[in-house]
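There are two complexes below, and they share subunit A, which is joined by subunit B in the first and by subunit C in the second.
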Partner chain A sequence: MSPVTYVRAPSATEAVRMGSEPGVRLLGGGTNLVDLMRKGVEAPSGLIDVTALADRVEQADDGGLVIGAPTRNSVVAAHPLIRTRYPMLSRAILAGASAQVRNMATVGGNLMQRTRCLYFNDAAGSRCNKRVPGSGCDAIGGSNRYHAIIGGSAACVATHPSDMCVALAALDARVRIAGPNGVRTVQLVDFHRLPGDRPDIETVLDHAEMIVAIELPAPLKALHSGYRKVRDRASYAFALVSVAAGLSMQDGRVRDVRVAFGGIAPKPWRAIRIEEALRGIPLVPETTAAAIEAEFAEAALLPGNAFKRELAKRTLTAMLNELAGDDA
Partner chain B sequence: MSKIQNAVIGSVRTVIGWVPAGWLPGGAPDPLIERRAAIGSQASRLDGPLKVAGQARFAAEVVMERLCHAALVHSTVTRGRLARMDTQAAEAAPGVIMVVTYRNMPRVGPLPLMGMADLSAVGNSSLPILQDAQVRYNGQVVAAVIAETQDQADHAASLIQVDYEREPARTVFEEAKAHARTPASVLIEKNHVSVGNAERELISAPHSVDNVYRTPGQNHNAIELHTVTAAWEGESLVVHDTTQMVAPSASALAKLFGLKKEQVRVLSPFVGGGFGGKGLWDHQIVAVAVARMIGRPLRVTLSREGVYRIIGGRSPSEQRVAISADAAGKFSALVHTGYSVMPPYGACPEQYTMGSRALYDAGSFEIVQRHVDLDIVPNTFMRAPGEAIGTFALESAIDELAHGMGMDPIELRLHNIAERHPLSGTPFSQHALKQAFDDGARRFGWERRRTTPATRREGEWRIGMGCATGSFPYVRMPGANVSITLRSDGTATIACSAQEMGMGTATVQAQHAADRLGLPIEAITFELGDSALPAAPMAGGSSQTVSIAGAIAAGAEKLTLELLRLAGNASPVAGLRPSEVRLTAGGIASTSDPARNESYRSILARAARDAVTITAAGSAPLEMFKFAMHSSSAVFCELRVSDVTGEVRVDRLLGSFDCGTILNPKTAASQFRGGMIMGLGLALMEETLFDERSGRIMNATLADYHIPAHLDVPQIDVMWTGIPDPRSPLGARGIGEIGVTGVAAAVANAVFNATGKRVRDLPITLDKLLTE
Partner chain C sequence: MAIRVNGEDVPPPDDIRVSLLDLLREQMNLSGTKVGCNQGACGACTVLIDGRRVLSCLTLAVQADGKSVTTIEGLGTAENLHPLQAAFIEHDGFQCGYCTPGQICAAAAMLEEAAAGMPSYLTSDLTTDRIILSREEVQERMSGNLCRCGAHNGIIDAILEVAGERRP
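Let's turn to the complex of A and B:
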């Protein structure tokens, strides 16, 4: 690891000012960034620790919640308002990493965490377009069990590994961003980019900007929701496929449905097509299957990850059935 | 070497064949099997309080003045030459003392490879270490940066630029099979065994199975990283290491660096997990050579990635097992052949056919292992090497045969258990696999298993049960020495260079010595982990306990003789011969007339001695050749498989072991459970992701290389027959490795029972169960 300078930002304004210096990076819990620095994947010249900034969960005027970016993952998961109003989010966070990592990890860092692609992480020995644009991708012909089946490109098939973000995508969360020109807000589903030919550019965040908070709109009424994570061991493993789903039924028909996938795409994957297809109709196996099928019509399967299409379909189907059962 | 090995072993066998059993060590069972006090008790580990309090000093914690640190640079190509190495920036970096490459590394010869012919040879790899510009595998050490602190060394190492001239490399298992070698022997066994005409039996038998099983490579992941500190004091060398071969390392280092044995001292009081990986590898050689060159003590600690790069693991394998049976279920042929990786510069043959040679009577056999050469870090011994993956193939095949015949798989096994060693015809010293199965099946509730697969479910989960036989040979190593010091205050110290890797070596041997010497356990001190003490062999092959026990037993005899001499004519035991007395209740007593006795205290007082010290060596382990000595186990598993996702969740594991006397139920249960958890990892998740295009290990971290997490580990029940082996010291056989064996097959068989799907390719990941 190369030597770095380290300062604690006293305020968001200061953090933005200091963070706009070239080579400088914001530091949350460090559970991802410091690892990557040790591996030589990242080499910032300076770190600006933002964990002293507003790390609270607050009620918003519209009935939603505002979660400060430096809030620890474990604090969010355990918060009474999150647990009662957005249980899906609690579950998603608790399905990730380990208690120790969650105690350190911040919400801002979780959004910004980088892929677990083995070739991205092997700075010394592998080619990666995300790490070194234009250098090539060793994952596509190599070990790609954890890689994307939708949304990838010829340059990159890495996945965004977060569990929390999958729930946030399903919940219509917004990201509040502060920059030199003030504050702006983007939808979480628009925050992460698809790789295209620039897999190194992962989000819409400018270098001079920082995440200050996550905004959750008021919870949907009568939504039964859940988060299911499928992985290679019972805990402490990244998702092969994860599903955040919410369902509310009225008179035997789908009143509202939310579906987001993790583990299968370069970003938290909100399955808009499935939602549109199912809204307003009864949940019958054939139509549900067709709706899900359509979402994966353009899936690009690799030898190591081809099974994930079937796995994603089955996992979502089982969840919808379960949620519908809850509603009955 | 292998041919010579076969010849040597062959002749030893012939000679022993003429010797009556009674002549052999252990011919008359160890008397301690009958009378024991401390042995068999639940003594807690003596090192427990130290470890809980953080006071057990591990190798990386040794405080030393002027200590410097090293970071290793690993090659990123598999074969080639170092065309250019730019070390300037590293040399100029803060705190850097020196950058070592093949150009300035002192010349050292290759390590002699571990083998049966030369027991002091302990090398895992005979490749040169920083001696030339050649790269021979991906991850090989190409430079070492020496600096004042570890951080400075790590940073400077990242500044080194290396250009390689790449050369073609052998990295594809499937392709390399075409050039596989057939070694003459596998460890001490003749490799190719052909009895009768197994292939013909297969064709003519009414029932048979014939399948190929695959197991992946695996890496060592002991919690404690490999770390060594080398300090020269003039021409003497002190090495603080974490090693499972204290004395052998010291003599190997002495030889390599042209020193006398007394000039090298290796210390390793605690080892934070060994499992076969804590041997002599490149980092120790670098530490010793460079410490001498810079005239300062040097510590080399591998990073977790470094352990993957330069410490070998379990070889991948492809195994064919074919079995045929007559209508009643009696085996008529057993074929076990296959391929594993063993480069010519490595030492571990991954002996996966051992179980097939010892467990079942098949009438005809065809057994042979073939070695595939790849350009890789040489694979090494990893807990239950060979047996762990060999029992997966064999015991899956038996389950497949049983299913095909509509027979209970336990019944099929019991029908074929060998009465004598099926290949050599020698009698078993003790063998109660049937009892292990009977006891285990009862405790586990085997009768609740559905014989038709895929018929039991709860919600989305399909439930199944499976079982398998586990197996591990008995090994006692030659060359175990101990000293025993008995003091006039009634205490005793036993010392040898043995290694404590967390199994409870010191505790169990203190229990043993207490009984052997007739003292309370509190009176015993057991010293180990120091090559200055009488030499013990390496800890491997689950042999350490009996090897040292044999030496203590020999020592007690010598001590008896010495005490009788010191007792003289005025003693109540005067005139008694060693064979007429025993050591008991803090003294010597006549066996036939216990009233004739004298305490150690009184003997030593009369002789005006504060203490008496003897040293002794364990007898040659001839019992191994005269008898078939083998531990076995019955492993049971109950699990769930999700119909939706294919996820496997193990609910219960039970191991029923037949391993001779259990010396300490607490430490033994911990060994069994730990082994079974490793077996669970083998079954469900452990896998080195080796990129065959580059020859590089891709998941060299504990985040990406999965071992079972707490939630993966179910309730594990262990039990044992506890029947003493009349041919071994204390009646004990090894218990450290057998726990791993059989588990993968029990899991695979349970998966089949749950789903009707047969997975022959480890690990059993959910994608293999998803397909319709």
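Let's turn to the complex of A and C:
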């Protein structure tokens, strides 16, 4: 770790001003950034601690909620309004990391965390286009069990590791961003970029901007929802495949459906095509299978992760059947 | 400002790269907190900050400035064991003992979380604040603490015993 300065931002305005300095990074819980600094992957010249800023869950005028960016993951998961109105979000957060990490990690930091690709994290010994643009990718010909089957590129197949963001994608969450020119809002599904030929640019956030809050729109009525995570051990492991799904049935047909995947793409993957194909029809095994398969028609399978296409299909199918059963 | 460690105030380090773990062990000689993986994967360095369990290896000491840190040395002593320490001895909740301070700090906070109604991945009904600590619930809630000796069964037994004593 190279020498570095540390200050606590007294306000969001000050955080934006101080954070716009070149080489400076905003610090949330530190669960990812401190680790990456120690590994030599990140070398900021200064840290702006933003955890003293507004870390609250508040009701919005439109019936939704606003979650302050520094709010700890464990606080969000346990919040009564999240548990009762957005249970999918509580479950996704509780599926991630360990209790200790959830106590430290912030909501804003969860969006900004870097991939856990082994080669990205191995600054001393591996090539990585995300870490050093143009240097090559050791994952594509190497160990790629945890890598993307959709949305990747010839330069990078790293996955975004978040569970929380998968639920946020399914819930139509928005990201409130403050910058030198004021506040703007982007849809969470548009916040992360696909890698293309610049995997080092991961979000639409400018260096001089910061996430100040996550906005949740009013919850959908009568939506049964859940989060299912498949991983190499029962707890405290990153997803091979995860699914955030919501379903409401009416007269035997799908009235509304929400589907997002984790573990299979460089960003939280909202499966709009599956949703459109299923809306308005009965949940029949053949049509459901065809709708899911269409989403993965362009999947780029690698030797280590080819199993994920079938695993994703089966996980979503099981999830939809379970949610439909709730409506029976 | 100062970092309050087990009731004693210490100044934050000048070098902000010092982790809370290294501050405790190297500068305060509080060697109960252990260095395991030093990358947030094992839980051996678990301490409490303002009562919440956290990983001291991924916490910069300056982040704890103005906050209250409790380590295993602050939970119990050889003469006056914490109930979890006594239960770990009773149930053989360790072999080499290296993960034990982290296990006990994590368990102490976990019992408070459950009493406060905090749900886990296994909690089926998210609308209730009443958490019943089954064996599976304790396993899930303690999954951030690894034991390479494989003393997990004794560890869970010890925690369940203390959880049972706390049940109203």
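One rule holds in what follows: the second predicted complex is superposed on the first by the 328 of 328 C-alpha atoms of A that agree within 3 Å, B and C clash if a C-alpha of one lies under 4 Å from a C-alpha of the other, contacts with A are read in each partner's own complex, and residues count from 1 in each chain.
Definition applied: a residue touches a chain if its C-beta (ideal position, glycine included) is under 8 Å from a C-beta of that chain, and two chains touch if they have at least 3 such contacts.
Quick caveat, the model's predicted, so the values are computed rather than measured.
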Which superposed partner A:L118 touches (first subunit B, second subunit C, both, neither): first
Which of subunit B and subunit C A:S235 touches, first, second, both or neither: both
Touching partner for A:R83 - first (subunit B), second (subunit C), both, neither: second
First (subunit B), second (subunit C), both or neither touched by A:M104: second
Touching partner for A:A289 - first (subunit B), second (subunit C), both, neither: neither
A:V183 touches, of subunit B and subunit C: first, second, both or neither? neither
Partner chain(s) touched by A:A318 [first = subunit B, second = subunit C, both, neither]: first
Partner chain(s) touched by A:P3 [first = subunit B, second = subunit C, both, neither]: both
Which of subunit B and subunit C A:R91 touches, first, second, both or neither: second
Touching both subunit C and subunit B, counted on subunit A across the two superposed complexes: 1, 3, 234-236
Interface residues, subunit A side, partner subunit C - complex: 1, 3-6, 27, 29-31, 34-35, 37-39, 47, 49, 51, 74, 77-78, 83-84, 87, 90-91, 94-95, 97-101, 103-104, 234-236
Complex contacts: residues of subunit B adjacent to subunit A: 74, 76, 138, 151, 154-155, 158, 460, 644-647, 649, 684-685, 689, 691, 693-694, 696, 698-699, 701, 703-704, 706, 708-712, 765-767, 770-771
In the complex with subunit A, residue positions of subunit C that touch it: 15-17, 19, 38-40, 43, 46, 52-55, 58-60, 62-63, 106, 109-110, 113, 116-121, 123, 126-127, 139-141, 143-145
Subunit A - residues contacting subunit B, complex: 1-3, 40, 116, 118-119, 121-122, 124-126, 138, 141-143, 230-237, 240-241, 307, 310-311, 314-315, 317-318
